[in-house]
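Each of the two complexes below includes subunit A, the first together with subunit B, the second together with subunit C.
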Partner chain A sequence: MYDYADFDRAFVQGRVAEFRDQVERRIAGSLTEEEFLPLRLRNGLYLQLHAYMYRIAIPYGTLNSRKLRQLAMISERWDRGYGHFTTRTNIQFNWPKLRDVPDMMAALAEVGMHSIQTSGNCVRNVTADHFAGAAADEIEDPRATAELLRQWSTDHPEFAWLPRKFKIGITAAPHDRAATKTHDIALRIVRDAEGAVGYEVSVGGGLGRTPMIAKTVREFLPKAELLPYIEAILEVYNLAGRRDNKHKARLKILVHEIGIDEVRARVEAVFEERLAAFRGVNPGLLAEIEAAFAPPAFVALPTEDYARAHAEDPVFRSWVDVNCVAHRRDDYAIATISLKPIGGTPGDATAAQMRLVADLAEAYAHDEVRVSHEQNLVLPHVPRAHLPAVHAALREAGLATANVGLVSDIIACPGMDYCSLATARSIPIAQQIAETFADLDAQRDIGPLKIKVSGCINACGHHHVGHIGILGLDRAGVENYQITLGGDAAEAAAIGERAGPGFAYDEIVPAVERLIEAYLDHRLEPGESFLEAYRRLGAAPFKAALYPPEERSDAA
Partner chain B sequence: MARQFQPRMATGSDLLEGDVVYFTSAGDWSRRIEDAALAVNPDAAANLLSRASEFPNAVVGVYLVEAALDDRGRAAPAHFREVFRTRGPSNYPQHGRQAEREHV
Partner chain C sequence: MAILVTKEGFAPDDWAEGSILPFDVLWTGQDLPEEGLAVEFPNDRDAADLRPWLARLELIRVAFPAMADGRGFSIARRLRAMGYAGRLRAAGPLIADQFRAAQRVGFDEIELPESVAGRQPEEQWRPRPSLSYQDRLAG
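Take a look at the complex of A and B:
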């Protein structure tokens, strides 16, 4: 894991002092709210429906036990003893007091963390494959690139006032677990015909009001040329991106309006100039970053006891089969810790749960924890020999729900339970769907299914790329939920298609039930997933289930 | 015919705590919606917003919300968003105004 160098430490501590001064001046009245607002947003502090909300960056979703314990401590000392992990792999505290935030920031700095650039029109937290460094299918650990981008983008003077926020996602595997194609820049680490490692660069992805899948701007970019190329993209966007209309200010709109070929021509022209002036990344710095992501010292442990537990204990077996996936080493597994207990709030963890995960990571899993954009935690390196002990401990803490990738593993934004931008609630919809399909055997029978719920058009809940997407809206003063079908956040990224008229708050869960019943009726065999069935059949049978003829005539 | 004027109350967020407050007829701020001053015509509403905006270093994000009178004549927000602001998050009854209510 990357540890802060002196430069990072000094920078973050400087920011703590600066923000403490700004908060004091706001409280004293020498800064107006108008003046203070952009300053607090740039430090991750929002004012939401019921309280302030403090958003903390977890770069590329990577934590260790020390950081996780500090987050637990912060949540208990200055908040309400829990945190909410988000779809940008950040954590949010929902109840801080203005006066306390500088102290919270200082406590973060103690463990090499901060909240800088978690809001505002700047380059946001870079997200990466949450199985990075552990996945069997990756070319190299993409987090070294993500850390390079974090250092490059932090307080970058040229790109501090972009037309809108700017998101970068990176993966090094053919299977895209990081929803990269929904980012302003999607990086995929690839090899060219000669075997050299570089990047496939796509631009203009994004969800929100105008959802777009990123388009490829460069098939292969040599690794050493990354920063001038990214700067070229940002320069083109910074100059040509629309500042006249907030809703049209994202890079995706520019790509849409002038076309990917024109974007490519402009980017390549700027790139040529920038590359000529680029002296390369400081090799010593790059080597330090790469060394920070060297694999842990794997240990070969006997797996007989694990195999016996897997054969004999059905609860353990179903957790392993559903929540664990292949590691690059056969005697290890990647274990996902579901933060989606049936009826719980997606992405929430209590301080006690954070401490337990920290303890398990330290004792059994090379002290590494990840946050996934699907709002779960991951122990990326668990020797299979330790899986029974890990599972037993998770079970006691209510963290062993075996539902990863299934119908109850739902992404939900905070929605109108917390967020001042929301137009409807998200969390209770996710809770009710999970309760409706509580039985884990039935969930396994339904198979892989990604339901994603957003409480407004900004789409923090990624509803456009849900196999079933749910968007909560305010229709004439009443909560109303639109369904989209067939979205996909993975390598075959697709924006879901709107199914038809929305559903009232108490109609949306039965509508989802009808969709899933229709899928079960129509699938060729249990191995055909919801998304595969949708792609084969099209929307018609699902629309028929959502809007049965008798209801239509009732409504008329 | 013009729609009948819906009464308005002024609300905002406390600068230090960040929680929901209502402007009262006594000219100060309360955490109880029961204390909210009601404006019953457009002029009174404009006046209410103007008076409520005179506390920029105590209460931020001040705006007017439509209120409906219940059958006992008490004002309650008309829109569900404002109803949620009087309660707190639906996933945790122990947090937000709803939790404080139980102890009152």
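Take a look at the complex of A and C:
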């Protein structure tokens, strides 16, 4: 993985000193609260419902044991002994004290981590496929591009004060595991007819109160031209993005208002000028970045014991079959560690759990850990020979829930339990759905299903792209939950369709149960997933299940 | 009175008051001074609109209505890319933390309202050692 060079270390330490100074200037009155706010945000510090919330960047979701252990230490020393992994593969601590934050930053800097640009109206942490480097279906490791973009976007002098936040997602596989089309810029690494590697570039995706799927602005961009093209998009956005209304300030609104053809014309015109002046990326540095993502030194280990355990131990078998997927090598697997225990808070991990995952990565899995946008952890390179030992250790720590991709693997925002913007609770809804379908055999029978829960229209829980999306609102002081159906964050990205009137807090989980019963009744065969059945049948049978006739007449 | 911040520190504005023309004066083709041509440039215009006068202009004052309104950073970069070599001024309530970026996109100076300069004294604007990823990537 990318190992921080002396430059990065010096940069991050400089940033810690700068933030200490900014805090002091705020306290001394040199900076007003209005001036300090964006400085604190671009260092990842939010003021939340109960306390500050501190968001730390995990670039392209990649960690190693040293970093994970440091996060565990930070959570115990300055927070409450746990952290929350987010849908943008960052980690958040919910209870830090302002005066401790510079020390937390210094502790992060010791292991090459930081919280730079995890908030604020600037280019945010770049996210990538969490199976990068391990998946069999990718063209190349997209993290080399993500790291290039991380360096390029860090403290960029021209693009630090954009109309609104700006997110970039990247994948190199035909199957989009990184929800790229929900980003301001979606990059897909592709080959052209001659086999050259480049990017398909899409712009204007985003969720929030106006959900949009990104539209393609350039079918094929040669790899070497990436930075001037991204700069052209940013320049057009910086100058023309709306600044009169923060809810209309994202790139998606500009794309919507002037149309993708006009955006393309403006971007291409600026690109031509910027490309002419562009002298390329320092080749030595580029080679260094690419070398940092070379595959680990794989080892060939016998798989007989693994095969026997798989045949004989049903608990191990179900964990492998549900949580592990094919690696680019047959004798390896990609193992996802579910952070969605039944009844737990989606995405939370305790310090002890972080340390255990760090130990397992170090002992068995080439010292790599990933965070997925679905709020789970991933060991991307596990020799199958080690899977029984990994599973046994995870089981002891309560981390072996075999539910990845199933009904209880729910994305949920923090909701009203933590967030000052939320209008409804999200975590308890996710917990109750998971408890309703606690039986893992029944979950496997239901099959792949993505339920996503947001506690307000800002849509941090990605409900628009859930196969079943749940949006919690406040209706005259009472929580009310709306359902959307048929959303998808993958390569066939789609915004879900609103099913109808919302449900009260105690009605929403039974409504989800009815939806799933309707799916089980209508599917052609067990292999047809919820989303496939929805696409074949349309909304009608699901709406009928949500709003049975007798209830309609009661309401009338 | 506004304070002018340059890399040398604070100074009073040395540009003769009232001699910075509104952009529309250029645009409407009125008689222009032979020397010391200076223009006020709003940040919702295309920098290319200044192209006909770039060689003659000695000062361009780019308006920053608020510190968080970053359009001026792109305008400055573009003016320099178009070959403008005169004085480039950012005018508005920027903060000391933005001075480095302002210089990196091509500004020479910031015209700071007195209220901001009062709270953020000269020493806060002094250059500090800093690293740039963009310079490093360019090699």
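To be clear about the criterion, the second predicted complex is superposed on the first by the 547 of 556 C-alpha atoms of A that agree within 3 Å, B and C clash if a C-alpha of one lies under 4 Å from a C-alpha of the other, contacts with A are read in each partner's own complex, and residues count from 1 in each chain.
The rule we apply is simple: contacts are C-beta pairs under 8 Å (C-beta built on N, C-alpha and C of every residue); 3 or more make two chains touch, one makes a residue touch a chain.
Note that the coordinates shown come from a computational prediction; the quantities given were computed from them, not determined experimentally.
> Regarding the shared-chain residue A:T32, is it in contact with subunit B (first), subunit C (second), both, or neither?
A:T32 sits against subunit B and subunit C alike.
> Examine A:I427 and indicate which partner it touches, taking first as subunit B and second as subunit C; both and neither are also allowed.
first
> Who wins on subunit A residues touched, subunit B or subunit C?
For subunit A, the partner with the higher number of touched residues is C.
> Go through the superposed model and pick first if A:R99 touches only subunit B, second if only subunit C, both, or neither.
first
> For A:L47, select first, second, both or neither according to whether it touches subunit B, subunit C, the two together, or no partner.
first
> Which partner does A:A442 contact after superposing on A: first (subunit B), second (subunit C), both, neither?
Touch partners of A:A442: none, neither subunit B nor subunit C.
> Considering only the touch criterion stated at the top, classify A:A10 as touching first (subunit B), second (subunit C), both, or neither.
It touches subunit C, and subunit B stays clear.
> Quick check on my understanding: which residues of subunit A belong to both its subunit B contact set and its subunit C contact set?
29, 32
> Please name which positions on subunit B make contact with subunit A in the complex.
So the residues of subunit B in touch with subunit A come to 13, 15-20, 56-57, 60-61, 78-81, 84-85, 88-92, 95-97.
> For subunit A, which residues count as touching subunit B in their complex?
Listed in rising order, the residues are 26-27, 29, 32-33, 47-52, 80, 94-99, 345, 416-418, 425, 427-428, 431, 474, 477-479.
> Can you list the subunit C residues touching subunit A in their complex?
For this pair, the touching residues of subunit C are 46, 67-71, 73-75, 77-78, 81, 95, 97-98, 100-102, 104-105, 119-121, 124, 128-134, 136-139.
> Touching subunit C in the complex: which residues of subunit A?
That would be residues 7, 10-11, 14, 18, 22, 25, 29-32, 35, 38-39, 121, 148, 151-152, 154-162, 227, 235, 238-239, 243, 273-274, 277, 279, 281-285 of subunit A.
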